[in-house]
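Following: one structure in structure tokens, then a few remarks.
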């Protein structure tokens, strides 16, 4: 990452069909800051993350990358880890990660680092289909290390994870923030991460 | 390794490893061709005359039934999100996936066709033109199937719906594909124009279908 | 039978039996082929090409035998829950399908000089073709279902349904054949079989049967070992999960 990237959102609005999920959402994240998005199911946490990732169109408002070249495309600066794990059962664990490293054009990204981040190294050559739910979740999260990207969008990342693995997740996010990255985490349980900003989607308040 | 090559390699690998997907399409092709004479009678002259048509129709059905594989698995396990937000433009992603379908389904079906033609008393001399015509036409088959697959992503009855949507689009490919198999058109030289048109259809499909598929994918993910 | 239920004991049995069986098979195949190609007289009508019959007919018999074996194994899976039954069924399918394919190809080659085409839709060949399609369906089902237990039960059900259907299919194909009165009335295999042809035929049939059994045992051994590898991998996965927690 050449320069630290910041993210600013102005008056974001999201619509599903004819109903408005949220409107007039604004926040600003400087490099090294994290945002916690909380709220009940259906409040729009996933929709917000998907809008930033570029998977859902903005009904209104705009997103701005600070510190990036003018022709930068926001989705290429993000890693989005949603509810689904995107794990291919017929490929081995390392084949899964190697694919993402190659596809996301991460030259020089370390496969060993990605495997070690969540303790998947002993399972590297096993077919991913044999993994338990928690291990598949960890494989999904290991994708964050397959290619370096400044903005992490994590949707309920701790699902299926045991306590030790949640600790690894906390460490990973902390290191990412310390190197100037940004993280937006949707969760309704608490993580150890120090969140600079919190967004409660029911009442649309930014603290 | 470039992103495009990585995606192609992954899709081809998954087709090979995933529980006989390629073999099942070939087996289906055989089954359909094998039961046709049971319905029509074993008159060899009749079979020889209609063989190119049967072989093409059975190939279209076999390709269609394996078409939802193109995007469905990635949609189900969430990998499609990552593919859309990757460095490649979405039409290119769609094109690569259709190309993978052609390599793992279209080409094997085209190569199996002459063998099945033997069952229908198709003269051996027509085998080269049969294979060439099918190799020229199956890219259109795979890429147009990609449009159908992206439109029906995640829907109920998507298999039948896909077939219903795509088969009318296959009409030109079918017509010119059959005409390109000599000598069942009047005169030996008249196979060449249909063959060229078939190539043109495939080229057009390769260029235009990914654009439609990309638009359909974005809609499906909303 | 019960003592064979233990995979380890079965593997031991296979290791002991295979060398002897291989030798026996090769000898009988050699004898049979020699009898077929050098001793048996040429047919007055079909000439030398009748020798293909010595491969075609036993292959067709073995194709049927294979399917009956799979159907019996299917009963073993569903009713008696014999642990090796689904291994037997899964490994027999490709072998039976191959014999079926050999029967089809040799039948086609046999017919070419007589009929002038590579394929004719007569009752016998058509029935063998449909049997081949049944085999393909079984193999496809085995390939498609990941979990071995479910795959075994599903394939067993399909095998039994297929076995019940075979007489019905044979009957309907014969009826279809008489409906369309094919031009050629030369039946494959001739109206009667001369004794001088009978011996080579029987020897080849026995040789093919031994070959089937040999290949089947080898395939079963490979499948048992394959399942052990999978179990070991699963243990590895579980151990890794425990270490993390």
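Each chain carries a letter (A, B and C) given by its place in the written order, and its residues are counted from 1.
To be clear about the criterion, contacts are C-beta pairs under 8 Å (C-beta built on N, C-alpha and C of every residue); 3 or more make two chains touch, one makes a residue touch a chain.
In this text, all values refer to a predicted model and were calculated from it rather than measured experimentally.
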| item | value |
| --- | --- |
| If a chain touches chain B and chain C alike, it appears here | A |
| Most contacted chain pair (by C-beta pair count) | A-B |
| Most central chain, judged by mean C-alpha position against the global CA mean | B |
| CA centroid of chain B to CA centroid of chain C, Å | 32 |
| Approximate Å spacing (C-alpha centroids) for the pair chain A, chain C | 54 |
| Centroid distance [mean C-alpha coordinates] between chain B and chain A, Å | 37 |
| Chain A residues counted as touching two or more neighbouring chains | none |
| Residues of chain C whose C-beta touches two or more other chains | 146 |
| Contact footprint of chain C on chain A as seen in their complex | 89, 119, 122-123, 126-127, 129-132, 134-135, 162-165 |
| Parts of chain B lying in touch with chain A, wherever the complex brings them together | 1-3, 5-7, 10, 13-14, 17-18, 74, 76-79, 81-88, 221-222 |
| Touching residues on chain C, where the partner in the complex is chain A | 146, 230, 233-234, 236-238, 240-241, 243-245 |
| Chain C-touching residues of chain B, taken from the complex the two chains share | 19-20, 23-24, 27, 30-31, 34, 37-38, 41-44, 118-121, 124 |
| Complex contacts: residues of chain A adjacent to chain B | 50, 53-57, 75-76, 78, 80, 82-88, 90-91, 95, 99-100, 102-105, 143 |
